[in-house]
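Two complexes follow with chain A in common, the first pairing it with chain B and the second with chain C.
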Partner chain A sequence: MKLKTIYASLKNDLSFIESELEQTVNAHHPVLRDASNHLLKAGGKRIRPVFVLLSGKFGDYNLVLMKNVAVALELIHMASLVHDDVIDDAEMRRGKKTIKAKWDNRVAMYTGDYIFARAIELVTELKEPSANTILSNAILEMSIGEIEQIKDQFNWDQNVRDYFRRIKRKTALLIATSCELGAVAAGASKAEQRHLKQFGYYVGMSYQITDDILDYTGTVKELGKPAGGDLLQGNITLPVLYAMNQDNKKHEIMDIFSKELNTSQEKVNQVISIVKSSGGIEFSQRISDRYLQKAFNELDQLPSQSARTSLRQIAEYIGKRKH
Partner chain B sequence: MLQSRLSHSYLLQFIDFPIIDEERLYVFYGMLEQTKLERKRKEDTLLSIMLVQIALDTHDLISLDDVTNENDRKNRQLTVLAGDYFSSMYYQILSKWNDNEMIRTLSEAIQEINEAKMSFYQTDHRTVEPIFDNLKEIESILVRKVAEHYGLDNWKTFGMQYFYMNRLLLERKQGLIHSSSNLLQKIALTLLTVKESKLSSDQQASKAKIVLDSYVGHAKKEIDFLCQHYSELHRWFQNRLEYNWGIIGIKEEKLAEEG
Partner chain C sequence: MKLKTIYASLKNDLSFIESELEQTVNAHHPVLRDASNHLLKAGGKRIRPVFVLLSGKFGDYNLVLMKNVAVALELIHMASLVHDDVIDDAEMRRGKKTIKAKWDNRVAMYTGDYIFARAIELVTELKEPSANTILSNAILEMSIGEIEQIKDQFNWDQNVRDYFRRIKRKTALLIATSCELGAVAAGASKAEQRHLKQFGYYVGMSYQITDDILDYTGTVKELGKPAGGDLLQGNITLPVLYAMNQDNKKHEIMDIFSKELNTSQEKVNQVISIVKSSGGIEFSQRISDRYLQKAFNELDQLPSQSARTSLRQIAEYIGKRKH
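Then we have the complex of A and B:
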């Protein structure tokens, strides 16, 4: 099932969120406004706002209240992407030039900081005091996770636990927070808040593992960038961690990266080939599926309603997606 | 307390320890002393305000140049992340106090500061005056927002002028030590594109310094005027002002002579 079909039930609400997103980043300075809109217009799956809205359906759903959380979560995600592109020195994002490539690093930093602050301001409009606590803890953990990711670059001695802890902070926490805050904003019960948070966490883990698989299996057309980008940055993800645990593959992979003669892309292509032949892709897919199953189990604890069906469909899409 | 928050062992392997602006620490401490907040909350609020300033300052360190070696690459990556990390801490500290209003005040300040910074960086000014107006905004937004938050009007007026003055003095100091500064370059560029285009680059640079000195002189008069009006605040700031003026060694007569 396509994401567009799953989103159909939220079509009007998502259009509203989209226009709110545009209005929210409508800065005074033209460059700040253009840069903010540049990424917004490049699209994206808007998974975080969708999780906020669907989770809100388990409480007293009021779009005017929900929109602050939905827009804030998408903006926090966007702001982190703008800064990530400076970190990765990335030229392209979602098939378009990154802000740092179209303008420069400084414009990207100011834009990211502006968007991030705008998002936090929106959350302060919620009357529920726990909203700031939940979000601020998630953001702090995210930033620690990003630092850990740099620390672990080209660290061949890391293990699967390091990887899981990293992707929890990097991706799963913000998706878990989207679900939890949606439920909090709508005044859903504590038990429902907890199940939705856990659902978001498991889906987030599956989402990131799928992303890491696609970095080895996707085409330029599907990814909007060449395969192996993570490895090129030194990010050691689950498929390669699995491969490194097979026979002498760890030393083989390390040797490839230590050779001076080959270009970076040649090295990456060789490692991709090793990962594929080792069964690393299939192993990672199994782990992703296991997280998805845990996510479904959390959904089973929630009242049966159309939002629950939509959450399940999105989770399934995430586990099977090709881009 | 602030130092321990800033001490992240891995970050400090690749980036310098963040500069703590003592002037801001001093002023914000003075402002919070005027409030009825309990001691621990005062400390945490001061910590949050300083973390905002340090996060913003940290992101100003990101260079535009291509990185050519691994150490520079790590430095850039971790400078971005350090700023984000400090910023996330201010939010978390205030959330623990459920200080929704202060979170809002600081997030508004961050937005306004980034608007002003973008304007300073990306606008081709036709005259030098808007450059200085812009600089004053960048330096004074945080103190203005905090002062408004606590209803400290005197501190607002004084603090805004004080930080502007400090920035001008810093730019002047950099101009003396390194022959130029971001501000001096921007002034020289503006002079070049407007009416002084016949000047050589050396002449533009010295003209830019004269322009900066005239604004320093004007800012000092403003501070003197405020000192007369706010005698209580003047006493608070007196040592700092003398210290700052002394370290730069600017004399009014010298400024008049150059201007």
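Then we have the complex of A and C:
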């Protein structure tokens, strides 16, 4: 099933969110406007707003209130991408030049700060302090996750547990927060808030593992950037962690990286081959599937309705996507 | 009068704030703890917490509530210093190595994000949504101010109005917010909130102008860094803007910067001489004094009490300080 088909029932609400997103970043300073709009135009799946809206369907769904949360969550995601680009020296994001590449690092950092602050401002409009607490906590944890990722770069002694903790903070938490805040904004019951949050967490884990698999298996066309980008930056993800646990693969991989003869891309290509032949891709896929299954189990605790079906379809899509 | 004497009446409350600041940054991840603590230990005048506390004296002063705001405001100031350092390539701050220099740029950026989020989390504990709105707006405007500063670097065609708008966002707004939120947290009247906010704004303008003067007149010992740092980075502040409006000084200054023979520090030293002989320092001092006078006028609208006297003394100190 295509994402577009799943989104169909939300089509009008999502167009509204899209125009609100544009208005939000357009409201202020020209330089910021250019920078934010550039990012906005680069698109994205708007997964977080969709999770906000669908979670809101379990309570008293009011688009005017839901909008604040949906836009805020997408803004936080955008801000984290902007700051990621400053950090990763990434020249490409979603196939377009990054803000950093187009303007410069310093503007990118403050654009990120600005977008974070706009997001918080929006959620404050709910007049529900717990929503602000949840949101600021998500930003906190994301920052820690990013610092952990930096610390763990090219650290060949890390284990799978480090990886899971990192992607929880880096990705899963914001999707969990999207579901939770959607439920909070709509006044869903505490139990529903909890199940939706857990659902979002499991989907988020699966989402990031899929992302990390695609970085090994994807083409430039699918990813908007060459495969092996994570390795190139020293980000050690599940597929290679699995490979490193097989026989002497750990030393083989470390040897490749310590060789002086090869270019970085050649090193990365060699490691990709090892990971593929070791079964690291299939292993990671199994783990991703297991998280998806846990996500489905959470959905089973929620009342049966079309929003629940849509959440399930999106979760399935996420586990099988190619980009 | 020394700052220490003025602070005397707040001594116990400020020690409490200091230990809360430490606890706040100590609570999370070890890397963050190191980075934040490093910054905390570098000290600072804690001007913003002092303004929060003194403003709270005009309402129902409850230290447990005031603390959240006082710590939050200092954290936001700290976060902006951290991000400033990423941007400015500054190796020194308050005489100590910056976080960026000690760790690296990427960790510094996420440390800033983390500290921002902690600040928001704290203010949320007031359960007063307007406080969150005021705070996120301050972060918004600060980000725009920073982007404006980048945009205006080495832009010799800017005028005094650009400068004032920039320092309003960069500095004055956060001090205004400190006073305003202190009053909000203590439930002072709307009129008192307004006067305190305006007072903070005028003091903040005077504070930044004084800072910009000191960058021309201060010694390494006083500043913790060499004079002329602003010029070196292309930050065109009031003293040189005044000089550029005299006779042919604008072209003289631009010529100095376009010469290829000199080192950057030699260029800066030449411009400092021109600024001093043009009367740019005295002019800036007069403007700073005028803002201080406006700040005093706002205080006159507030009930007479010892907190009012302290605010006046701090404002006076700020206008005459040497570091």
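Basically, the second predicted complex is superposed on the first by the 321 of 323 C-alpha atoms of A that agree within 3 Å, B and C clash if a C-alpha of one lies under 4 Å from a C-alpha of the other, contacts with A are read in each partner's own complex, and residues count from 1 in each chain.
Everything below uses one rule, namely that a contact is a pair of C-beta atoms (placed from the backbone, for glycine too) under 8 Å apart; a residue touches a chain by one contact, two chains touch by 3 or more.
Computed from a predicted structure; not experimentally measured.
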Clash-or-fit label for the pair chain B, chain C on chain A: clash
Which superposed partner A:Ala8 touches (first chain B, second chain C, both, neither): neither
First, second, both or neither for A:Val160, with chain B first and chain C second: neither
Which superposed partner A:Val220 touches (first chain B, second chain C, both, neither): neither
Which superposed partner A:Met254 touches (first chain B, second chain C, both, neither): neither
Chain B versus chain C as contact partner of A:Ala191, first or second or both or neither: neither
Contact residues common to both interfaces of chain A (with chain B and with chain C): 28-29, 31-32, 83, 86-87, 104-107, 109-111, 113-114, 116-118, 120-121, 124, 129, 132-133, 136-137, 139-140, 142-144, 146-147, 150-151
Chain B to chain A touching residues, read off their complex: 8, 10-11, 55-56, 59-60, 62-64, 67, 73-74, 76-78, 80-81, 83-85, 87-89, 91-92, 94-96, 98, 100-101, 103-104, 107-108, 110-111, 114-115, 117-119, 121-123
Residue ranges of chain A in contact with chain B within the complex: 27-29, 31-32, 80, 83, 86-87, 89, 104-107, 109-111, 113-114, 116-118, 120-121, 124, 129, 132-133, 135-137, 139-140, 142-144, 146-147, 150-151
Residues of chain C touching chain A in the complex: 28-29, 31-32, 83, 86-87, 104-107, 109-114, 116-118, 120-121, 124-125, 127, 129, 132-133, 136-137, 139-140, 142-144, 146-148, 150-151
